Amino acid sequence: MSARRRPIEYADAPAEVRAVYDDIMATRKTDWVNDFWKVLAHDPPTLRRVWTNIKEVMGPGALDPLTKELLYVAVSASNGCHYCIASHGAAARNKGMTEAQYSELLAIVGLANETNRLVTALDVPIDARWR
Amino acid sequence: MSARRRPIEYADAPAEVRAVYDDIMATRKTDWVNDFWKVLAHDPPTLRRVWTNIKEVMGPGALDPLTKELLYVAVSASNGCHYCIASHGAAARNKGMTEAQYSELLAIVGLANETNRLVTALDVPIDARWR
Amino acid sequence: MSARRRPIEYADAPAEVRAVYDDIMATRKTDWVNDFWKVLAHDPPTLRRVWTNIKEVMGPGALDPLTKELLYVAVSASNGCHYCIASHGAAARNKGMTEAQYSELLAIVGLANETNRLVTALDVPIDARWR
Amino acid sequence: MSARRRPIEYADAPAEVRAVYDDIMATRKTDWVNDFWKVLAHDPPTLRRVWTNIKEVMGPGALDPLTKELLYVAVSASNGCHYCIASHGAAARNKGMTEAQYSELLAIVGLANETNRLVTALDVPIDARWR
Amino acid sequence: MSARRRPIEYADAPAEVRAVYDDIMATRKTDWVNDFWKVLAHDPPTLRRVWTNIKEVMGPGALDPLTKELLYVAVSASNGCHYCIASHGAAARNKGMTEAQYSELLAIVGLANETNRLVTALDVPIDARWR
Amino acid sequence: MSARRRPIEYADAPAEVRAVYDDIMATRKTDWVNDFWKVLAHDPPTLRRVWTNIKEVMGPGALDPLTKELLYVAVSASNGCHYCIASHGAAARNKGMTEAQYSELLAIVGLANETNRLVTALDVPIDARWR
């Protein structure tokens, strides 16, 4: 038995799953649903819950949409999630991320991982003015 | 013998360390150097190297200065580096980050960590159009 | 020279390696040894040591066998170790894990990774009654 | 300015925050709200969203309530989130976790982290029967 | 009830725990046992198992004793385990690690964490000659 | 659009990129540049910056060259960066790492990841003599 679940296509999906696919396509103004959702669809409550979260957190708010995608890509790059880098990288490019901006993002992700380790290893106490 | 190194103050620092402290203060237009640098100063070549990197990566580029600090904070929050969150959070606030933006940043960091684990565990192949 | 070591099959294995393979098959009541052990076999003391640890920790104890496999899968999913998810996921299914339970496990792993980041970033002190 | 937000007590909370506190206490059959929620309360939509997620994921399902808390503790222990270990450890003890079970859980978390690194470093391909 | 277990002192320890403490002191040629073992002692089989592993892995082998401690410190620094940095840092200093070597180790740990993220994010395929 | 950037070969590279390739080959006394650098070359300032860092940190210092590569491999193994294990593993083998030493390194990396989790979960305070 495989650890990998196959994507559930729209034609084969039950109503509650189709409702989420429909909302994904309507929200994103596209006729396409990427495989992450089609794999999550084996567990309809999680599909609905995660999509509701993404829609709320990544929707309009205090940060502009591109900045939000950049933050998502940065965390995914730091965690080494290739699929997440690919999908949110595509979303960021759709919202205007240039290759120069992506390169700069990766430089920051790399450097933050370096200094995070130095600070943690050296156990530097937080300066009084930031406490 | 302690694992924790004490900060080296300006008055006690050798010339090569003072030169870095001076450049930090000049670049940041402040008369203050935070303790990370004063602890790194036990190893002057690393002090100089890390500062040079930070100055280059976090300086003017394709992303605006606030977005760059937000990315730094996001990676630090994901890695759980308290000092880095405090120091780059302060820098981000100086560059205009509001509390609402910080809250939104944390929501994205948390959610990205959730979906990163789901995607990785389910081993979803990258959709053809992103390959 | 490759970073990847080829599996050492039973027929090619020295006596100390065969003894571990035999114990793996006897303990698991199977005639099959998965490739992790055959790759570890390049280093017989580590093969023996890791198997002895797994056998002791995953053997009868205070938690039932299925719960133990679920915990193993949860940590492996959190760490993004595909092989470990596949092998311990198979073991969990053998011990009765249903697909609904696996989905629920992944939902917990994802959510714990989200709240872990929020708690850590916000640096919430531990409530007095838990200290 | 501090990176650490102070908890918002019930008496000082706006209605939408009180509604979440009330639901937490009713769901958990307690008159107490721990500080994680009181710190999250600075961002009411995130407070509501995260609580709704926790309530759904940790509520009745395919796994029994104790197993779910054990999985939460295991991921938190693996990630090094002290607050999460304390809070979900307390919840697990409330649901019957013994000290012997907790010790066994930690042994599994430790061992899974060891073998995860060995498997990943050795880049063992997933055995054909698990693919 | 606290998440933190108090150390079990020699005078209060059962025979199987004292046997491990004795072996730790004999192996390390010291009359002192550090608190990690005294906390693990709440779970005697884990105490014995982990000590046996440490003794075997960190004992004489293909790498010299100082290099082995340096590797332990490097992984602990990368993982942000303060206790582990302190204890294995002390062991490394006992075996001759100088402050200059420690600084260099931290520089490597930091830099490896930077390039690890760049390589992973860019998803560079392994060059043919290393496959 | 793909998330994966193709390597930029010497013949197609601008002068500033060729200068780095030349320095890599001269420093390493080889006529070959591995793909990490050719992929980084899409962002020449980062290419130059990362190479300068690697050259300085991994160059002559307080630790011997083989120990430095072993530390790099250990962090990369702990982080699960396959490319980094392959490239720095090759460098370590060039500097004399034997298969027995590599096996021992992996055993330490695995064990450190186990004990790091145990120590962190148990929240053992640092012993007074190490503070």
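Per-chain numbering from 1; labels A, B, C, D, E and F assigned in written order.
Just so it is clear, a residue touches a chain if its C-beta (ideal position, glycine included) is under 8 Å from a C-beta of that chain, and two chains touch if they have at least 3 such contacts.
For clarity, every value in this text was computed on a predicted model and none was experimentally measured.
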**Study point:** Contact-graph separation of chain B and chain E, given in steps at minimum
**Key:** 1
Exercise for review: Could you see whether E-F or A-C has the larger number of C-beta contact pairs?
Suggested key: E-F
Exercise for review: Give a one-word verdict, same or different, on whether chain B and chain C use largely identical residue numbers at their interface, taking over half shared as same.
Suggested key: same
Point to revise | Taking each chain's C-alpha mean as its centre, the one farthest from chain E | key: A
Review point. If every chain is reduced to the average of its C-alpha atoms, which one ends up farthest from chain F?
Key: D
**Study point:** Separation of mean Cα positions, chain E and chain A [Å, integer]
**Key:** 35
Check your understanding: Hey, how far is the Cα centre of chain A from the one of chain D, in Å?
Key -> 21
Check your understanding: Where in chain E do residues touch two or more other chains at once?
Key -> 1, 3-4, 46, 49-50, 53, 57, 78-82, 85-86, 89-90, 100, 103, 106-107, 109-111, 113-116, 118, 120, 122-123, 126, 130-131
Review point. Mapping chain-to-chain touches, which pattern fits: line, ring, star, complete or other?
Key: complete
Check your understanding: Hey, which residues of chain F end up touching chain A in the complex?
Key -> 1, 3, 42-43, 46, 49-50, 79-81
Check your understanding: Which part of chain B faces chain D closely enough to touch in the complex?
Key -> 80, 82, 85-86, 89-90, 93, 99-100, 103, 106-107, 110
Check your understanding: What does chain B use to touch chain A in their complex?
Key -> 3-5, 34-36, 39-40, 46, 50, 53-54, 57-58, 61-63, 67-68, 70-72, 74-76, 78-79, 81-84, 86-90, 98, 100-101, 103-105, 107-109, 111-116, 118-120, 122-127, 129-131
Check your understanding: How about chain E: which of its residues touch chain C in the complex?
Key -> 1-4, 45, 49, 53, 56-57, 126, 130-131
**Study point:** Residue numbers on chain A that touch chain E, as the complex places them
**Key:** 77-78, 80, 82, 85, 106, 109-111, 113-118, 120-123
